[in-house]
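In the two complexes below, subunit A is the common chain; its partner is subunit B in one and subunit C in the other.
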Partner chain A sequence: MEKGKIRRISGDAWMAYALLTPAVLFFVIFMFYPIIYVIMMSLYQTNRLGILMNFTGLDNFIRVMQQETFWAVTGRSFVWTILAVIVKTVLGMIIALCLNVEFLGRKTARMLFIIPWASSVPISSMLWRWVYDHEFGLLNQTLISLGITQNPPVWLGTPIWAFISCIWVDIWIGIPFMALVFLAGMQSVSKDLYESASVDGVNAAGKFFYITLPSIKQIIFIATLLSSLWTFNDFNTIYILTRGGPAGSTDILITAIYKSGFEWLRFSDAAVMAVVTFIILMVFSLFYAKMYFKGDEAL
Partner chain B sequence: MMRITWRNRYKFPVFLLTLALLLFLLFPFFVMISTMLKSSQEIYVRPPYWIPLALAFDNFIKVWGEYHLYSYFRNSIIVGLGTTFLNVIITLPAAYAIARFKFYGRSTILYSLLAMQMFSPVIIIISLFRIFVRLQLLDTYLGLVLANTVFTLSFTTWLMFGYFASIPKEIEEAATIDGCSRMGTLIRIMIPVAAPGLVTAMIYAFITAWNDFLFALSFINAQPRMPLTLGIYQFVGRWSTQWEMLTVAAFLALIPVLVLFFLIEKQLVSGLASGAVKG
Partner chain C sequence: MKKFLTVFLIISLLAASFVFSAGQREPEKPKVTVFWALYDGLTEAYRTELQNAFMAEYPDITLDIVPVPWDQMYDKLTTSLAGGNPPELSIIGTRWIIELLEMDAVAPVEDYVNQATLDNIFDGTKEAFINGKLWGLPVAAGARILAINNDITTKVPATMEEMRQEAIRISRNTNKYGLIMPGRKHTELTDFAYYFYAAGGDFFEIKADGSYGKSLVNSPAGVKALEFMVQLAKDEVVPRGYLAQTRMEAHPVFYTGDAGYVMIGAWVESALQQAGAGFDVTYAQIPGFAGYDSAPLVITDSIALFKDAKFKDEAGLFLDFFYRDEWKARFDELIGFPPVTISAAELPQFQTPLYQVLNEAAAHAKPWPLIDGFAEMTDIIWDAISFAFLGQKTPKQALDDAARAVDQITGF
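The block that comes next holds the complex of A and B.
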């Protein structure tokens, strides 16, 4: 290429490209190529080994979208995400408010609150499976001995309770992140604001709604957006607790993709759902990136 | 002072509420500790009780040897270290390039790094499986290391980029004037200054690999190659589960990851979210 003809590529830029090569190569082979491959799979008939047979255009999409389960699973993905994120936000806020008060043992409490997030998700999901055990689980025993109920539900055995049980575990994992982020936000709010509000006789609730909440609005927004993505993508909790059962009642898109591919060997169906999920996440993340880079001078 | 009286009034109720919330949220861990010290006969007793009749410490010995926990630990350590190492050698030059050079395509790379953090690996798991079959990576450590690296690399690069970008250019310029080459400044100046970031990135990569279940489930069939998460999942039987073994294994597997997590928790939170707010 002749120097300075279209765009002068300086020695520095060549150096940058050289430094980026390993990372770019890596992403191309193990991220972009697989994405292209999944898109191909969704447009081809595949055999039980996942090998492309013949091109069928959008036939796979039409077939999958005619199935009722596809829509049930997609709908459930959104219900799952929205419900979980709302509860995570509310509980995270309550914990952050608690930890924002200077009581004895606050530092220890903060550490203990983090444990569910710090723990390995697959392992805590297995623990929860035991906690939920209908006959021998200590959760039901505790409910009975506290006199809350004499007939505790079969947590993972009925469609509705299984869904609630799974979503609770996902919420339980996600609360600490929310709490920590909100707490960090609250601690960056100027103390003077609260003091002058106190002078004006504003009560605690007033301070929360007129000072705290507006000050950390943006933090709440980013945290809920991130949390929505993680919740939408959750695989471990559902797969380990119920494998999507009973009777598919706890399947969301992510688990349905996995099961279609690895358990039922319907690779094209899995690919179609993967492409749909990919598009949904793409919209999500473009939105996130836009917010992130808004007015950022680093670019 | 107004502030102190305001705080005092709420101190005790807040303390009680916090305690109640903690008891509620740490419930599964209490169950874990209660179960892991029970004997196998005590697990399936109705009604279940909290305090084991005799503390069955030999559960630890049994699970380590007889139940292959030793091998699962070894595999998780190998995969974790491999993922960490691969992350470092790929991410350092890449992050440095993005932080310090102006070049065409830079913002595209930044956007993609951010976008890639949003994707669930499940989306590409079926095609990754096909690729791994062809490259004969099933049932290998390398396969797990590669898969885990793909899904940690965007965050570690992003994190290191942030650290490098925050180092004043003057430090580097001074080194250049003193006769340091570009590579020299990277190795002698930038990496030491960004060391806390590098440690965070390394621990993050290690933890993510340690906690991986999906890749192990998809790519590993041979028990001698199973990492902890998948190995412990083998305790869950179709008809009955040896919960005392599972909880002991869970306890031992959680300790390293909890320790590591607490080391980087503050940087992780700011890396994930509050960094976003300053922008």
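The block that comes next holds the complex of A and C.
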């Protein structure tokens, strides 16, 4: 653009703006407005329907952060996310490696493998709730009939087992996504590289660490980032399996937000936790991206 | 410029078509949405028949009876209210009415139903009559009772202590459980209330003006009740997985004939029938602890009409229709609760031993406290119970902490 001249908007640009308008409107109404409203709720006293009443500044943040349970659920959210994403990534990678090898029935195996991810999370969680049932559940019946134990744990009734049981369901649902994404990445790696490595006498582990991993690094980054965001916000699994119990031992931020807002009608407190969640995930995503690109430049 | 004109023309045509279609739209047919609690015993066939019969009588009104599991009802309702999209009617736990009034969400139902319908309802069941107005029609009202599997025991305990002794005998001498005791948090605090009320407890002190004061959940009665519950678990008279069982998961163990006693509501008979139970059952009063009178919990549920609903008059028509004996008595029979309507109470099907025990229980039963924020308090007390069950706190410590937290909510 020349200095001093006002740029005219061309006909093409008008067309582009016109076509973008519905999408922008959709974004503003359904994404931007709710986010702004939640931020405002966190700064206001609200009534039991979530209507803004009096401006209270950061008082809501101070009050919520003085509660022990807030720090407990925040800490648990990190443990939950880190454990689940690590296991999903490792198991997803192992399964992708297995599915990348030619064997009879590979296509069927791939199709079957996607079932947990293709099923809706509430249905999968309900299914696992039945599996974990102490009296009639498949898991305990199996453990007893195989003679492994006559006294199986109360899976959803004690804090540590309930947490492990919930994490396992989240992992079970999430592994196929990781495996399929990794598999897609592996299939795009040139076979010539592996052949050259074989000629040079590189073993399978060497091929994995020096060819496969660097080649699918970008895919691993995207998959783990998405998985981290989804896992941190995994409401359905915990709500259906334990509703955060026993005694709050499986509550994470997202379930605490729901309880605070829709069960106790404390919308300001829920909004504070939602804003904290938003900030955590935003900072994490930016930091993760920065680390990734820094590492990329170094290569 | 030509492209700009093209875009302008397209947008104008779209806008015009919207305006035109809006102008041509037929007047909106009234639609009454009802959040319909899934009581044990209530069948899908009944819901469908009721819906179709009403629409046959009122062809200009669409009726949408939305089945909602009880443990999701409160969340579904508050979510729809917060979203500004309430149903016309919803079955609610009557104790929720205080919060709904606080939200200014409900309309006085008496303004929308016939006087004849109102006159046919027992006054004693109109728990939602607050500040001179009736905010919900009672839909189910019943005290809790003790059901005894006669194949396992015939002992009708006179005290809680006797019940424990018999439960111990059952679990030691048979491969059955002595007693059902859900240990996992669910919507209601019923399972604690049975023991708490049996020890003479009250959730709050009552001030001179009748309003609620400090929490009494950590009173000697509360501690006695929780210590007793913890002891029952230690005695191993309840299913070992009780900590993972809500009411919905625990009661089927009784229906399958695997437990001697269960404290339960009036739906027990229809639930047993549906489960195909082949054993005889005795119904009795929930006993008090030694030295205390029996004081069972009584629960009333109501149908509330929502202030911001679009079709309140049509909702009133549905209520008049539903409260006819043809439908309401069938409803009562299915869910097993004693009728709330005078005409239905005289029908022969409500003159059985179960209803005699229920009527006797109602005479000395205690309801929930009607206090704002009870949902949060329920969660707090449930957590205290869980801490005691898990051995992380003594019953006294857990209830002291709970009482402090409850008092913080109520401002005491």
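We adopt the following convention: the second predicted complex is superposed on the first by the 275 of 299 C-alpha atoms of A that agree within 3 Å, B and C clash if a C-alpha of one lies under 4 Å from a C-alpha of the other, contacts with A are read in each partner's own complex, and residues count from 1 in each chain.
Following the convention adopted for this analysis, contacts are C-beta pairs under 8 Å (C-beta built on N, C-alpha and C of every residue); 3 or more make two chains touch, one makes a residue touch a chain.
Predicted model, so just to flag it, every value in this text is computed and none were measured.
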item	value
Overlay on subunit A: subunit C relative to subunit B, clash or fit	clash
Which of subunit B and subunit C A:80 touches, first, second, both or neither	neither
Touching partner for A:70 - first (subunit B), second (subunit C), both, neither	neither
Residue contacts with subunit A in the superposition, subunit B compared against subunit C	B
Touching partner for A:135 - first (subunit B), second (subunit C), both, neither	both
Partner chain(s) touched by A:47 [first = subunit B, second = subunit C, both, neither]	second
First (subunit B), second (subunit C), both or neither touched by A:263	second
Touching partner for A:158 - first (subunit B), second (subunit C), both, neither	second
First (subunit B), second (subunit C), both or neither touched by A:246	second
Partner chain(s) touched by A:15 [first = subunit B, second = subunit C, both, neither]	both
Region of subunit B that runs into subunit C when the structures are aligned on their shared chain, from 55-63, 235-243, 253-261 or 271-279	235-243
Subunit A positions touched by subunit B in one structure and by subunit C in the second	12, 15, 50, 135, 261-262, 267
Subunit A contact footprint on subunit B (complex, rising order)	2-3, 6-7, 10-12, 14-15, 17-18, 21-22, 25-32, 34-35, 43-50, 89-91, 93-94, 96-98, 101-104, 106-107, 109-112, 114-120, 122-131, 146-147, 149-150, 153-154, 157, 165, 182, 210-211, 213-214, 217-218, 228-229, 232-233, 235-236, 241, 243, 246-247, 250, 253-254, 257-258, 261-262, 265, 269-270, 272-274, 276-277, 279
Subunit A - residues contacting subunit C, complex	11-12, 14-15, 18, 47-50, 132-135, 154-159, 162, 243, 245-248, 259, 261-267
Of subunit A, residues touching subunit B in the complex	7, 9, 12-13, 15-17, 19-20, 22-24, 26-27, 30-31, 33-35, 37-38, 41, 50-51, 94-95, 98-99, 101-105, 109, 111-116, 118-124, 126-131, 135-139, 141-142, 144, 172, 175, 177, 180-181, 184-185, 191, 194-195, 198-199, 204, 218-219, 222-223, 226, 229, 232-233, 235-236, 239-240, 254, 257-258, 261-262, 267, 270-271, 274, 277-278, 281-282, 284-286, 288-289, 291-296, 298-299
Residues of subunit C that touch subunit A when the two form their complex	1-4, 7, 11, 74-75, 78-79, 81-82, 99, 102-103, 105, 183-185, 239-245, 249, 253, 373, 375-376, 379, 382-383, 386-387, 389-390, 392
